[in-house]
Amino acid sequence: MMEPLIEVKDLSQEFHLTKGLLQSLRLEKGKIVKQDKVVHAVNQVSFRIEKGEVFSLVGESGCGKSTTARTIIRLLEPSGGQVLYKGADISHLSAHELLPYRKNMQMIFQDPYASLNPRQRVEEIIMEPMLFHGIAKDKKDAREQCMDILNRVGLRPEQAGRYPHQFSGGQRQRIGIARALAVRPEFIIADEPVSALDVSIQAQILNLLMDLKDEFHFSCLFIAHDLSVVRHISDRLGVMYLGAIVEVGDKHTLFGNPLHPYTKVLFSAVPTVGEKPLVEHIDAMGEIPSPVNLPEGCFFCDRCPYAVDRCRRERPALREIEPGHQAACHIL
Amino acid sequence: MEHEVRAEKTSWWKHFLKSEFFYHYKNNLPAIIGSILVLFAILTAVAGRFLAPQNPYDLTQISLMDSYLPPAWLDGGKLSFLLGTDEQGRDILSAIIYGSASSIMIGLVGMAASCCIGTTLGLIAGYFGGKVDAVIMRIADIQLSFPSMLIALFIMSVFGRGVGKLLIALTMVGWVTYARTVRGETLSVKKMEYVEAARTIGLPNRIIILKHVLPNVVNSIIVLATIQIGNFILTEATLSFLGVGVPITEPSLGLLVKTGFDVLFSGLWWASVFPGLYIMLIVFGINLLGDFLRDELNPNLK
Amino acid sequence: MLKYIVKRFVQMIVVLFVVSILVFMLTNFIGDPVDMLVPENATVEQVESARARLGLNKPLPVQYGIFLKDVLHGNFGKSYTYGKPAMGLIMERMPATLELVAIAALLVLFIAIPLGVYAGAYPKRRSSRIIMSGSILGISLPSFWVGMMMIYIFAVMLRALPASGRGNTVNVLGVNLSVFAPGGLRFLILPAVTLALTNVATTLRLTRSGIMENMRQDYIKFARAKGVSSRSLLFGHALKNALIPVITIFGMDLGNMIAFTTITETIFAWPGMGKLLIDAINKSDRPIIVAYLMTAACMFVVLNFVVDLLYTLVDPRIELR
Amino acid sequence: MENNILLDVKGLKTYFHTFKGVVKAVDDVSFTLKEGEILGIVGESGSGKSVTSFSILKLVEDPGVVEAEQILFDGRDLSRASEKDMIKIRGKDISMVFQDPMTSLNPLYTIQRQMEEVLILHEPQMNAAQRKARCLELLSAVGIPNPQERLKEYPNQFSGGMRQRVIIAIALATNPRLLIADEPTTALDVTIQEQILELMRKLVKEHNTALILITHDLAVVSQMVDRINVMYCGKLVETGSTEDIVSFNAHPYTEGLLNSIPKLYEDRDRLDYIPGMVPNMFELPEGCYFAPRCRYCQEICRHQQPAMREVGPGHLAACHFPLKKKDDGNRDAAVSPAAVRTEEGK
Amino acid sequence: GGGTTGTTTAAGTGGTNGAQADAGASQDSASGKDSLVIAMASDILSMDPYKYDEGPTNQVMLHIYEAMLMQDADMKFQPCLAESWETSDDGLTWTFHLREGVKFHDGEEMDSADVLASIKTAMNPDSPSAFSGYTSTFSKVEAPDAHTVTITTDTPNPLMLFHVAQIYVLKQENVEGKTEEEISDVVVGTGRYKFVEQVKEDHLDLTANEDYWGEVPEIKNVRFRPITNEATRTATMLTGEVDFTIDISVRDIDRLDGTDGISVLRQQGLREIYLNLDSREDSPLFPGQKNPMSDPKVRQAMYLAIDEDTIIKNIMNGCAFEMNSIIPENYVGYTPVEREKYDPEKAKQLLAEAGYPDGFEVTLDASNDRYMNDEQIAQAVAGFLEKVGIKVNLNLMPKSNFFTYIKPAENKSMLLQTGWADASGDGLSLLHDMLRTYDRESGQGTVNRGHYSNAEVDALISEAFNEFDDARRGELVAKAEKIARDDYAYIPLHFEQDTYAIKDTLNYTPRMNKYVLAWEFSYK
């Protein structure tokens, strides 16, 4: 097998909610107690993305998809684990050492507005990385490329001189996409890139992504909620729950035969336009556990209709159920 | 605006006239008034020497006999001394014209210098944090503990008097305001997602600071800068009041106000009121223009 | 947090150290204190004896060493002019300045911020324009001029307020204050207003610009959609987001007002510390200058520390390291 | 149940007067909404969906100007209501879920404060404990785990979907009579989305609330709503019951929209989409705004703006040549008479 | 309590004092006819009378403390704590007979031991005292009995009475072995007023000493208010918050005079403003060239070039008195002198004769915050000199810098505008300081800032020091003065005018030496 483009090994990410001694002290029943709160946003996530592949992450909102993405691209220092880019560990490189990788990795942010500098015009936003990474020879070239890319994401050239806040939500998202595509990266992390778009534009963008993928052979970590989009675009996908991957597999096997109870719950909830649902409706009862106090056993066991005793005691590991299809569940 | 200007270089002036910037400017009376005042003040400062009725600092041209003549329209005034004279028999109008050159220079250059130094240091401190921040901010603290009077006095004792030296003193005092404000805002701005986005592009810190942080803190900088121009002109007056201002041979508006101030109660109001009014006009103009610029540079307000 | 405080404390010591060295070097240039002490027709002998008495005949580093040793024993030296412990002199004058500054700071807070918020929220209104123009007045006239004019109008012409001085004081918790003395506030009004004026303008303008910037944000719109009244919208939501530069500047202004109210105190014959400093500078009274500036430095470090803490209270995203 | 008309919007026009010209973000839109009714608004991004809802709440800011013949809410004309009255209505009678969850929460206040604010304003009888209890209840309802702890956190500590849920919780807090949900589930996974939609349905049922659901997700629309408004370039181009729109859509734009949805059971290399671009808002075409992109476009479409006209009972479309779909619901097989006509025209 | 030295806000007299303290509130300080508020230009520097020999401090001290002698309004010496005194024939021994029954404010009697202790305090070179100059000639001080003090000097000292009049008498137990701080903490004197309280830079209250040995003053409560800013002083006077103001700005005179209920008092002061010219031929300040000002012709030309009348009229607003000789009126050695007429033509001619037809370049150093209108005067002087072709570089500086310029030892200034005041009443003292050849060691010519040196003058001064007869000494002094004047050793400008503002309800005649003494006031 070829060396994967990206390999994530046991990646973990924690947020310390208590910044210092003073804040961790709390008055409880007349006593001062010290409590340290840690959000375990990502727990030992491992997956690999081959060259030219689109790998999707789906899962509950708040389960740590964005955090995984941000850790991979090193906006956050990982608190554990490794990220290998073409075999090289980039998870502990300094900002300077990271520089050569920056051009090859780009991110489309979930938040289309906050990630755009309100004081930069759209053209500046897009031309900046191009010029910086030498994609464009000069300003003129950059402008041409910029107009081209704007065109492709469905923005009009005369809108190039506007500021982000003058756009509607969907338009802003497209600016973010254009920026990421501008440097023709090898690897794109797309954090819900199309969720704010209307279906027509969404289709356009997805087509664009596919075209570019064919053209430049880039790989993509794709985060989305819309399973039909995921199914359309990705080659493989991982299902996340509470910061951990519970099921990974090829698109066809996974959609054809979802194994993990959470995956089933997820698929059963997909709304459709006049089509029958993927999976018969399953009710997932119970509370979603908090990432602050992780349960001891399987994270899903509280809501799992099939849970057995063992699930509450022991955390299941990811294991291969069928070729190219892994799941983390005791009862399979 | 900018990109339109670029689009067609040949007739940028025409483009400017058609631009949004000019459109807003045209419809903003305060901005027009402001720029007329500022332009007038600068022109006077630069070219006024050739127009002034008298060189008030050529001691051979003035005569003590003319001292404290009231403005021309009052009883006892002379037409040759339109705004009256001071105790040396100096024409106030000429003195204002000559003095405004120093004052505007003090205001503008002093502001520019402290703004550049302060903003740079503030950005660096806020963005990098940690040791760099601590060092810069503690230097700021030290600087803050020295009053401008003491610094001016020190510079004067060591290097002598002069507008240039005063500028050094004012800059030494002035940068801190920017540094601290900019740092404070940088602390907040650097946590913004667009700064993170810039980091994922791989932009070096230098560029992130310049292109992503700076524009988002520029608001306060403009406010402070416009205020500071006036403030420096006035500080100079105050230093003159304390006896450590510009030398009497390189006059300034502040100095005129100060000397005139001594005789304010005696009914010889013109010696201080006219320079004072002129300072007000300049400061007013600069602030009107500054307000406009700040609003114009803020895309959120469009 | 605790670690951070300790760190800042250590930094403060360094700052104080540097300030004292700088003052030692600076004051050496601005004049010879002995000149101010002895009569102009003093003989060399008299001059030298005065110099020896003040310990100024030793080389500067030695003088500094002695000073440092004394400081470690809590002794900042005796004023050359007053012959009294410098720190005592400063502390003695401090209450007068502090009460003046307190009033001025309140004026800044309660005038500048509301007006700035108003002008920022409704920038197109005529009243906002008047506020903005009015605020320029505050920064386009030298404070000695403004102070004098106030005296002229309110004391001389209208006879409404006293022209100068502090009036009688009452002893509150061991400190002599005039705010609490009957009629004491009347003495405070003019100097406090004069002192506040420039700062009002700066604060007002910064507040306005911040408010204008923030009023267009989505969260403001969302708050409006919640039915939040425009008042709490402005003061609750927008103001907090505009506060960072305002507290920075206010912190510095406050420090400056406390440490360097020289002009106002001179004009209003207010017996505060600012006058002490200016007199000390004029007489090259190094012990006072050193003690004074070290006090000022101490205050600035603490103030700026408080400002930094306030940042984190205002914006939870800001981390202190 | 006899349902009254709760909202009656007539001739709503919201124009932005910018330097470059006037952006007609909403141009002459009229619709009505009954109590307990769910209205879906779909449309191209930038077509004025959000601005329509802002206009109803009078939240449009400079340089936007709202003009309307009337915006009758519960018998009151909001277009003429004062800001003071609006403050009482907003959040209490009409609440809105904002589209962008990331920027709609004040970054400097805890979630709790922002949630309680609306309760303090509109449920003054509640005491602090009750408010907190209500907040907890709401957070649990929108599926945020560990709400007790979460209340004390700041927005930046929440994931995108969690913020969106907080915004929904805030909007639901007062059980409004009209809820405008502007793309409320874009950042949510399907299970949560289901939960949220269920919550809204419950609100509609229990409190007879009217709901305007703005969304791109046609699947959601088709499951949730009673009626659908389709907008394009600030204009209402089609309106009708859900079935009318999904199965018997008459406007070519609606058709294009539906065709763009990726299919869950179908593997395709490329997705269909509507070719061309949304026209420049400053230089809108003379005739039908959709004409440049319309496959059925004819001469008249380029010159004359089509008016809304009835194509079925309660089903209106603004098209010179409305599509006629067969009743068997098999859209793909539909042969558009208009298309035929186009060919004939040539 | 902070801010006060001995907060003894005397209960007995507190009533009236309190009313007076409310000055601002009532807008009228003189609520009673026995109170007086005096605004002065600067605060006293120390409550230790031996610390500073400086106008404002002395003025306040004179209310509390007394010396054996006291100068009257005409600068003549009158008995005070000493009822009488005599000199031995050789002029070396002075015997003072102390007044009996004089009590300190604390009720204890004053005797010769107190005087002795006070003189010793003044003499002690290690003490902070600045008064050792007055005792520098004393070789022996003794007290033969409780009411007699003898002072012996090495050389005859014609200025003895002046010197003795400067030495305040404090209680022995309060001064002996005491530090300055301790001295200033216990304010107990024999004077007409008792100390009540001081808030630095705000006010200093005194109350009449009802047990005074002489006439108990009519004004019972006195408050001194230091108000440094001229304009504020004027304003405070205008509002009626103070009854009397010392040092009003020359430009405010018309304003105050024109105000109902306020008058202005004018008195020629002792402070003389003049120019020092570097007159050394080999002055280090003119390296590699001849010092032009070493030529008396040049100095004369400069003298003639300055139109002092106009300066007095236009810059001093008439508030100055032409100065022609350095010796003030009434002083020993004073002779009336006419000023030479302003004559720029002649000045130019003289310059040409001296070989400077195109003038030369000098720097005029002057202070800008020390003397009345010093900055303006300097500008005017420079203007006049420029008009005859002398290029003048103006160097104006605040007093802290200025002091290094005025030391003859520093050798920094070629042309210096300064002032000098001498309250001794004797021209000899002035000559000694101003015209005697500067000598670092012996302390002669300490303010001879132009390094003027003339053997003839020096000899006459030495001779005058041995002459006890005022008239004869006066002749010598006048002679020496004339030589120097004809030599244009300095260019006299003017005597400052001491200007006071007073409420019309009060009577007061100012003193020549500018001391404002509360007991000399009376209500009409």
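We just call them A, B, C, D and E in the order they show up, numbering each chain from 1.
The rule we apply is simple: contacts are C-beta pairs under 8 Å (C-beta built on N, C-alpha and C of every residue); 3 or more make two chains touch, one makes a residue touch a chain.
By chain, with names taken from UniProt: A = Oligopeptide/dipeptide ABC transporter ATP-binding protein; B, C = ABC transporter permease; D = ABC transporter ATP-binding protein.
Quick caveat, the model's predicted, so the values are computed rather than measured.
Between chain B (ABC transporter permease) and chain D, the least number of touching-chain steps is 1.
Contact tally for A-D versus C-D: the pair with more C-beta pairs in contact is A-D.
Chain C has its Cα centroid nearest to the centroid of all protein Cα atoms in the structure. Seen from the C-alpha centroid of chain A, the farthest chain centroid is that of E. Taking the mean of the C-alpha atoms as each chain's centre, chain B (ABC transporter permease) and chain C (ABC transporter permease) sit 23 Å apart.
Once the centre of each chain is set as its mean CA position, chain A and chain E turn out to be 87 Å apart.
With centres defined as mean CA coordinates, chain E is found 44 Å away from chain B (ABC transporter permease).
As a whole-number value, the distance joining the C-alpha centres of chain A and chain C (ABC transporter permease) reads 52 Å.
Residues of chain E in contact with at least two other chains: 231, 235, 398-401. In chain D, the positions touching at least two other chains are 100, 102-103, 156. For chain C (ABC transporter permease), the set of residues touching two or more other chains reads 30-31, 148, 152, 216-218, 281, 315, 317. Residues 1-4, 18, 21-25, 27, 45-46, 48, 51, 53, 125-126, 128, 130, 132-133, 179-181, 184, 199-203, 225-229, 231-232, 235-236, 238-239, 241, 398-401, 403-404, 406-407, 409, 420, 433, 440-443, 446-447 of chain E are the ones that touch chain C (ABC transporter permease) when the two sit in their complex. Note for the complex: chain B (ABC transporter permease) touches chain A at residues 1, 3-4, 192-194, 196-205, 207, 211-212, 215-216, 218, 299-300, 302.
By the touch criterion given at the top, residues 42-46, 50, 99-100, 102-103, 140, 143-146, 149-150, 153, 157-162, 164-165, 183, 186-194, 197, 216-220, 222-223, 246-247, 256-258, 260-265, 267-274, 277-278, 280, 329 of chain D touch chain A in their complex.
Contact residues of chain C (ABC transporter permease) toward chain B (ABC transporter permease) in the complex are 7, 11, 14-15, 18-19, 22, 26, 29-31, 123, 129, 132-133, 136-137, 139-145, 148, 152, 198, 201-202, 205-206, 209-210, 212-213, 216-217, 244-245, 247-249, 251-252, 255-256, 259-260, 262-263, 277-278, 281, 289, 293-294, 296-297, 300-301, 304, 307, 311, 315, 317-318, 321. Looking at the complex, you find that chain E touches chain B (ABC transporter permease) at residues 230-231, 234-235, 249, 251-255, 307, 310-311, 314-315, 317, 368-369, 373, 375-376, 379-380, 382-384, 386-387, 392, 394-401.
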